[in-house]
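Each remark here refers to the structure printed beneath this line.
Letters are used for the chains, namely A, B and C, taken in the order the chains are written, and counting of residues starts over at 1 for each.
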Amino acid sequence: MGYSLNFSVVWRNFDKLWGGLALSLELAVISLAIGIAIGLVLAVIYVSGGRFTRMAIAVYVEAFRNTPLILLVYLVFYGLPQIVDIRYDATTSFVATLSIYAGAYLVEVFRSGLEAIPQGQIDAGRAIGLTPLQRLAYVRLPAMVRISLPALSNTFISLFKDTSIASVIAVPELTWGAQWINLNTFRIVEAYLVATAMYLVTGYVMLFGLRLVERRFQVARNA
Amino acid sequence: MHEPLLTIRDLKKSFGRTEVLKSIDLDVGRGEVVAVIGPSGSGKTTLLRCINFLETYDGGSVRIDGAEVGYTEGRKRRGERALARMRAETGMVFQSFNLFPHLTAAQNVMLGLTKVRRKTKAEAREIAGHWLGRVGLGHKAEALPSELSGGQQQRVGIARAVAMEPKILLLDEITSALDPELVGEVLEVVRGLAAEGMTMLMVTHEIAFARDASSRIVFMADGTIAAEGPPVELIASAEANPRLFSFLARFRASHF
Amino acid sequence: MLDAMIYALPFLMEGLWITVLVSLLTVSISLVAGLVLGCALIYGPLPLRLFTRLFSDTIRGIPILVLIFFVYYGFPAIGVDFDSFWAAVTALTLFKTAQVIEYVRGAVESIPRGQSEAGMAIGLTFSERLTSVIFPQALRRFLPPWINGVTDAVKGSALVSLLGVTDLMHAINQVIGRTYEAMPLYVLGAFIYFVINFSLSTLSRRLERRLSHVQA
């Protein structure tokens, strides 16, 4: 025992944690946005595509869902520049990795959302003479968004937590901030206590916010 | 004059602020078949569920063979084991069958026999075979509920209840969830049990069946027993009872 | 490229063994703890229910990486000292336990109320209803997500490399440190993880399809 908590050094370096949290959120939001784009496009292609396209998309999805994120982060940051001529900083590299990783999860979310739409709704769209593209835009996508919203919120929270892995390539997000305080002050317990509390509070505030949005959405849709 | 089998006195039950049962008194004698009818929300199903304590009640008493079901004499809730033993004295058939989906028809019947009645597997299997035969499903003993039609499932439900040799059988709208063409086969089984002297209390919407198969009809409205009597007399008295009349009037004449 | 892979393979196999060991320990301890706490969450007295809910929500709200550091650096400060291997196993087990609690809750709550009532009606006691009626049915709903969730333990185990535990991930980085051939090794490592996890998730999907037939 004999360890007495002393938070003063943490408060003195709080900007590292605060800035880290901001970057964590930024990483999560950008990756979610790119992931949604990837997921949407591939999900639509998947449900209307042929055997070969489906297969190719399934390979992408399974490959990324079944590999540890930390390995993908290393692979993209350290491995990829060795064999192709690209250069990027750690943050860009991480955003790219997390986006593709998120995309693999979101394809599944959107695909099952699209497949959960009752055939009757699509038939109704057909009956009033909508073209396939119009049916997609006015019937299938809006219905899919409603179905997928809870899973989308969960993915966002997961991505926010996953940003902690960016610390392994020294992206200055929240976990890195805690590590920085540790290296410079050796108050490691305090640093992680505060960082953990920040993850928890932010995560749950986001969760409650998103649940509220979902509920508003449901009411508006059902009315 | 011997005691009625089931004695309900001043039974009261509320869900929050709504009084579902307002001082119910009801006796059911041995071998009697009593049908409970009434509009939905009148408290029929709640009454039935209080009798085997699937629902707790706020006041009054429910006795089977003189013994209070859910509470000890000091109105303390019975312990888990004692309560289970009391419940085994009443059989219940549910509107939605509630068969155990992971067990075959025979295993559904055997579960209570082995766990509660402490029969050996072999004895239980024999009893299950007997009762499945009685409900016309001897050949479906090894079928899972998902492989049976609604009517067949409900007949297994009846076999499961009567195999326990309950003192009284409670039937809760047992044909309401069935397609019309499957109702007959289930009612036929109930008719057979009645003929053999099984004591039954059944909540039902089948007025014609209630009239033909029961010795007494109880009409419930707004948590009270609004009228009761032998079927023919009760139906004849409807003209003098506006609530009963308007309830019965919804059934087409062909039901009678 | 192939040379690098062949050179690395024996090292990777040693690492893989640690990955498997960490995953097995995590999965089996969390299964027991999660089943017990899951039942506590559903059937326990109110204080126990609140404690379990708080435990699960807190653990699930913390990134695994942070949880691992927290246990490794934080526990010695309160007098609990363990080496990096057991710190890693403890942290991953906490994380998995919270997951298992939620699987148990989901599985048990998916059983319709009528099942319990039918059990009561034939005179089964509470514990008899659990063992004969609820658990056999809940098991079918628990197994597919649980097996699929084992992949999370395997993926999470790659983070123990950050504590210096020589698992597959760490072995890969060590070999890269000697050969400077990053890409082939990362690809090889990814492939090994993929084979393990894809087998698990495929098994989970198969099982789910099989069991949904029985359930109806």
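By our rule, a contact is a pair of C-beta atoms (placed from the backbone, for glycine too) under 8 Å apart; a residue touches a chain by one contact, two chains touch by 3 or more.
Keep in mind the model is a prediction, meaning the values are calculated, not measured.
Student: Going by CA means, which chain is nearest the middle of everything shown?
Tutor: Located nearest the centre of all protein C-alpha atoms is chain C.
Student: Can you tell me which chain lies farthest from chain C, using the average of the Cα atoms as each chain's centre?
Tutor: Centre of mass proxy via C-alpha means gives B as farthest from chain C.
Student: Between chain B and chain C, what distance separates the C-alpha centroids? Give it in angstrom.
Tutor: Chain B and chain C have C-alpha centres separated by 46 Å.
Student: Counting in whole Å, what is the centre-to-centre distance of chain A and chain B, each centre being its mean C-alpha position?
Tutor: 54
Student: Could you give the separation in Å between the centres of chain A and chain C, each centre being the mean of its C-alpha atoms?
Tutor: Those two chain centres are 21 Å apart.
Student: Mark out which residues of chain B touch at least two other chains, giving numbers and ranges.
Tutor: Residue numbers touching two or more other chains: none in chain B.
Student: Mark out which residues of chain A touch at least two other chains, giving numbers and ranges.
Tutor: none
Student: Spell out the part of chain A that touches chain C in their complex, as residue ranges.
Tutor: Of all residues in chain A, those touching chain C are 1, 3, 62-63, 65-72, 74-75, 78-80, 82-83, 161-165, 167-168, 175, 178, 182, 188-189, 192-193, 195-196, 199-200, 203-204.
Student: Okay, in this complex, where on chain B does chain C touch?
Tutor: 52, 54, 80-81, 84-85, 87-92, 94, 96, 98-102, 111-112, 115-116, 144-146, 160-161, 164
Student: Can you check the complex and tell me which residues of chain C touch chain A?
Tutor: Listed in rising order, the residues of chain C that touch chain A are 57-58, 61-66, 69-70, 73-74, 77-79, 151, 154-159, 161-162, 169, 172-173, 176, 181-183, 185-187, 189-190, 193-194, 196-198, 201.
Student: Where on chain C is chain B touching in the complex?
Tutor: Against chain B, the touching part of chain C is residues 112, 114-115, 117-126, 128, 132-133, 136-137, 140, 214-216.
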